[in-house]
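Consider the two complexes below, in which chain A is the common component and chain B and chain C are the respective partners.
And then the complex of A and B:
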């Protein structure tokens, strides 16, 4: 059902994110990578860490043979491309590697060709393909010096980005693989520890809540669809698809937070994959905010050369914008096919391609109809932004149906009232989304004021004076607000996910309390109380403030991650105990 | 061919492709200070430049053309070395 590389990565690993093994491994990796000096020792350390992580994914080493074979073939191709330096050879090698990838991943078109007769893993193969192709193409075109075999292996199998990316360029990875990072400052440790905790909060708490919601909403939706209840179906489908979008986001971006945060703690900087995607202005803008390294890769190695070829052949001043729209369609279609091997991903491709093409055509034709300056003025209006953003996220939510739907359900959706429901949900989510966006825009400054978020500069003098007269109040008020908010969120989440269904009253209270405490504790560790805490510390002991704050904030990361993991597994024990 | 000559040529190409007749390019001109130079216009500019100078940029080079000065330097390099791709 979930065949996209994101899920393969998150679910397949036997050393799952929340296991003590992974936490211990991450801690060891951070220490080793900070200490390992430049040279052979560092190279071997990374090789060893990658190896341990990779072997923890499989039950028997033989399962890794096809993957290893692919990586070896990749290096062979790079050797040939480096020698041959011809466009033709490069094309053949790239096509060959992509072909083998398609065969190993068992795409339907090559189902006639048998693969190996033992179970083998293709963990990380989808991302490994990009890393190999990038080196192959750049070496073949003379832009990159061929890396040594060990450097290549360390890059291709780097454990932090093995499962779900981010897709880092070799030139950015290589210096970090070779040299020891400079010793970190407390601010660096602090912010990356916060980031790891935020990642766990997203994956464990928000991820399970949204996942439960999605699973819960599927059956009633398909019932309503079967009975052609259009209005109810629209309402349920909107909830379902939006919950799935949130689920995918918190799982993927949460995992990225963990991986990037651990990376920075270890002294290795990985590129960002998300940039506030829920602030996207348009569908095209979305792809510079969602899975950024993927769209960058496709832009460099598919979109650019494709458009260049089209432009050189048929490019005139008038045709170039439309050639661009075509290049967008093809690029996004291929990108969608990479996400999964089943035929539903062709539908995903149609959705993505149509989305970017329509967006691009809108950008071309609107100025033509209304005039360049009128269009510019229109697109700077707040309501235009709210509608555009809501439409973008709604369209994405509906397109992502391909990730969770199976063939039978898709067939049902394509018949009778399905299309009406699809369109109706899109309209509903757009309108409601625009409205909610507007409400948030009005209320956000006040929320920020209460919690002190976004006050990066020196603390307001008047506020500090007011604070001194009630130092405990500075922390107590946000603390109470946070606990209340956590209790409210816990109640909603547990009801939405039927976590309390059928439980006795003491059981329900314990579960609720545990969930509230987990949320509050992880929020504290995630830095929600940082601004009032800094205000408190600066009012008590301005000279020692920096040290005290840094120490507190630097230590909390790993301790509270473990605490969050423990608290999250506690309900399971409680269920058994009661 | 010098970098400064190329920048003059580029000005013609840019103002044509981006539809900005009053454009004045300097070596520091880049996507943030030239109106309409987004990633789509970027590839259009590349197509025009490749046609004009009969050169071909490698895919990785397209990523690093961050300002006009860098573009001009790269063009000088590619037009002066024999067997430029």
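And then the complex of A and C:
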């Protein structure tokens, strides 16, 4: 798990994202960046903030030397590429930098090469490589002007995207680094602060819950695998892989919510990295919704050049779609390798490569077999969408197994009943996922209507506004619905399982109430009651909307910060004053 | 400026909410009597600080800050439900606290004694009686659940700085400890709620994963719970025997410096041998090793002034236990009263001696 750049970024840092130290630092950064005037002073401010953040990652500055050396070499390469303007030179420089990256990351293929004789950090190196290669290639091809050294350092080391992205293009970053943004309106502050709160909730609560489940489920699964219990193995593997997929999503998307939210507050807009990935219609569609900036980077700097090269060599009208499938395979295979340094990521690469290629071939061949209009009609069917969506996410969940197993466990999975379990789990997750997706599609408008979200269609929206605006019912009904739903979920969780077996009645009731309250409060902190509350406030006190929103954000923030302290503990800096 | 105003109002509302939750939690603590009694085995302590007791001994030491005579119980889970109230009721004019921590052993008792001395007023020196609830498990050594819990609680909110693996230093002035602990109450309650949810969730997940787990028997259900079946007894003897057949001499040696510290402070220490089911005491080699060696070993400790011994080993029957070491609440209450009566009859500080307590025939 730790060998993935996502985890490398989220877990390796000393000033962890969920620490009170980071919160304090982020607040200081927002204030400084909002106050810093345009030009040199703003640039120096960003430079200083990046420096503080970077040095907080290490115990001694010497640990940063290899990383700093890599970034300096990167700038040297950009200087050469800018002057040479030669494809050959560009190729040599890119290969050289990737080679040094592989050496610094200690990939197994370079294990024989000597390394530094002191502990050093490569925190954020995976993302730094992408930023440097982007500038190097674009400058080398004349698409981008070479940035100044300080602008380059600010871009490469930008503290909000250093650890785990998003991978912003330099053209987007540069003007924001230089110009002071206009003062934000309260709606903008409100939405971005709410995003930060939601991000924390995703990482702290949902992240730890799903992580606990994954850790608990591993041993029983490998026991079942060892005893060739295929049916039980399918059940466990489906649960385990889906829980891991959720864990990765809530951690990574939560992280993005935090950094993008802080960025907007500070006046630096970062690109989105997720766009409702669980709504993906296909495996290809998934990559325009999941880790979007990474997909875009690979599309720009590997897929497109590769397809151009293949097209130039073998391209005909009929062959181009198939060459595209090959380019997809290569791109996703390389992208998977980038995710980790161990050989298990080759398997991940095979999974991703096969997934996109089969998907692409399906898109090419199905219209030929069924006819374009028939295929179009088939694709528009709801059941087809549900099955396709569930199959996409199930396949991704199984592919991500590479992130949580080691080589020995992978070998076990490849033997005896392993392939049957993999395939069975895929089918199980697809069928159950499609069923649940259908159920959600039917019930979602009603749920939205009850919760007062106002997205249940124009009729419901009008009805909601007419009946509830300005009355306490606007809030009371969603609150009651939320409490009842939480109580129902808690009851099912506790009584359908044997979680309370052996407990006395008072103890069972207290636990049930505690569960219900926690679920409801977590949903409130996640913003479930925001739309009806906002509607109520806008009709009752339109002139005080901003203050009321700030107050409500304080309530949500209080819940999340308390949870952060309880789960992460030790706001030790508070006591340093004594 | 919208940003500044917005963030300021949000921050203020967070602070106000925190302030209100401190007030509410203080009122709740007062209502439950937690601000004037530390008893890790009480329902109120379980509800707010958790059943382990580690959180209570770190964050609820305010009741120890009094000048009158007091009794302080220290032990592991099988000593937790010796009610402080029951003991105090047998000793008029003396207050009692129970600082027993689930899963702790003799090495952890030293830490708990230190925590007590950190807040005990110097003026009340010589008027305190520490009572150690002992069984062979306290002398086996190793890091138990109690050690981990205590270490984690000490540094959880940054009150202590870890200086060595088993040593932490208070970072704030001692006089501010009660105020700081009071300000942390909302977080402690939230932590307790979260731990409950995590604990029950773990059972739910174990069911989903079809993993066997023991039933979650809470305090109210312990009186009615069935005694261990023969198969469970055999499994327990096997498991306990695998941990070790002899007591750890290094751990045994730890008792001497702890006793010396208490004795030097002019306070009293009563070493109480706690009962075990007969099948357990006779079936586990370490238990018989303890029975064989304790007289000789404790004799050395008992030579110090203010150190006493009470033998309660045979004061309960097998039916009084709902598992292998823990007494049913009703039986535990009876023994707590007997312990209180025995403590009330202790000689004055300065006297020494081995004072075995015979099983009380009136005990049901």
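Convention: the second predicted complex is superposed on the first by the 471 of 578 C-alpha atoms of A that agree within 3 Å, B and C clash if a C-alpha of one lies under 4 Å from a C-alpha of the other, contacts with A are read in each partner's own complex, and residues count from 1 in each chain.
The rule is short, and it goes like this: a residue touches a chain if its C-beta (ideal position, glycine included) is under 8 Å from a C-beta of that chain, and two chains touch if they have at least 3 such contacts.
Treat the numbers as computed from the prediction; the structure is a model and nothing was measured.
Enquirer: In the three-chain superposition, say which chain, chain B or chain C, touches more residues of chain A.
Expert: In the superposed model, C touches more residues of chain A.
Enquirer: Considering only the touch criterion stated at the top, classify A:507 as touching first (chain B), second (chain C), both, or neither.
Expert: After superposing on A, A:507 lies in contact with chain C but is clear of chain B.
Enquirer: One more residue to check, A:164. First (chain B), second (chain C), both or neither?
Expert: neither
Enquirer: Output check: A:217 vs chain B and chain C. Expected answer is one of first, second, both, neither. What do you get?
Expert: Once the two structures are laid over each other on A, A:217 reaches chain C alone.
Enquirer: Which partner does A:138 reach: the first (chain B), the second (chain C), both, or neither?
Expert: first
Enquirer: Of the two partner chains, chain B (first) and chain C (second), which one does A:183 touch, if any: first, second, both, or neither?
Expert: So A:183 only meets chain C here.
Enquirer: Looking at the overlay, what does A:236 touch: chain B (first), chain C (second), both, or neither?
Expert: Only chain C is touched by A:236; chain B is not.
Enquirer: Touch check for A:293: first (chain B), second (chain C), both, or neither?
Expert: Neither partner.
Enquirer: With the two complexes superposed on chain A, say which partner A:304 touches: chain B (first), chain C (second), both, or neither.
Expert: A:304 contacts chain B only, not chain C.
Enquirer: Which chain A residues contact chain B in one complex and chain C in the other?
Expert: Shared contact residues on chain A: none.
Enquirer: Over in the complex, which chain B residues touch chain A? Could you list them?
Expert: 16-17, 39-40, 43-44, 46-47, 50-51, 58-63, 85
Enquirer: Okay, in this complex, where on chain A does chain C touch?
Expert: Residues 27, 30, 34, 183-186, 189-190, 193, 209, 212-213, 216-217, 220, 232, 236, 239, 265, 493-494, 497-504, 506-507, 511, 514-515, 517-518, 546-547, 549-551, 553-555, 557-558, 561-563, 565-567, 569-575, 578 of chain A touch chain C in their complex.
Enquirer: For a test of understanding, state which residues of chain A touch chain B in their complex under the given definition.
Expert: For chain A paired with chain B, touching residues are 137-138, 141-144, 299-301, 303-305, 307-308, 311-312, 315, 317, 320-321, 324.
Enquirer: State the interface residues of chain C toward chain A in the complex, per the touch definition above.
Expert: My answer: residues 1-3, 5-14, 16-18, 155-159, 171-173, 176, 180, 186-187, 190-191, 193-194, 196-198, 200-211, 214-221, 225.
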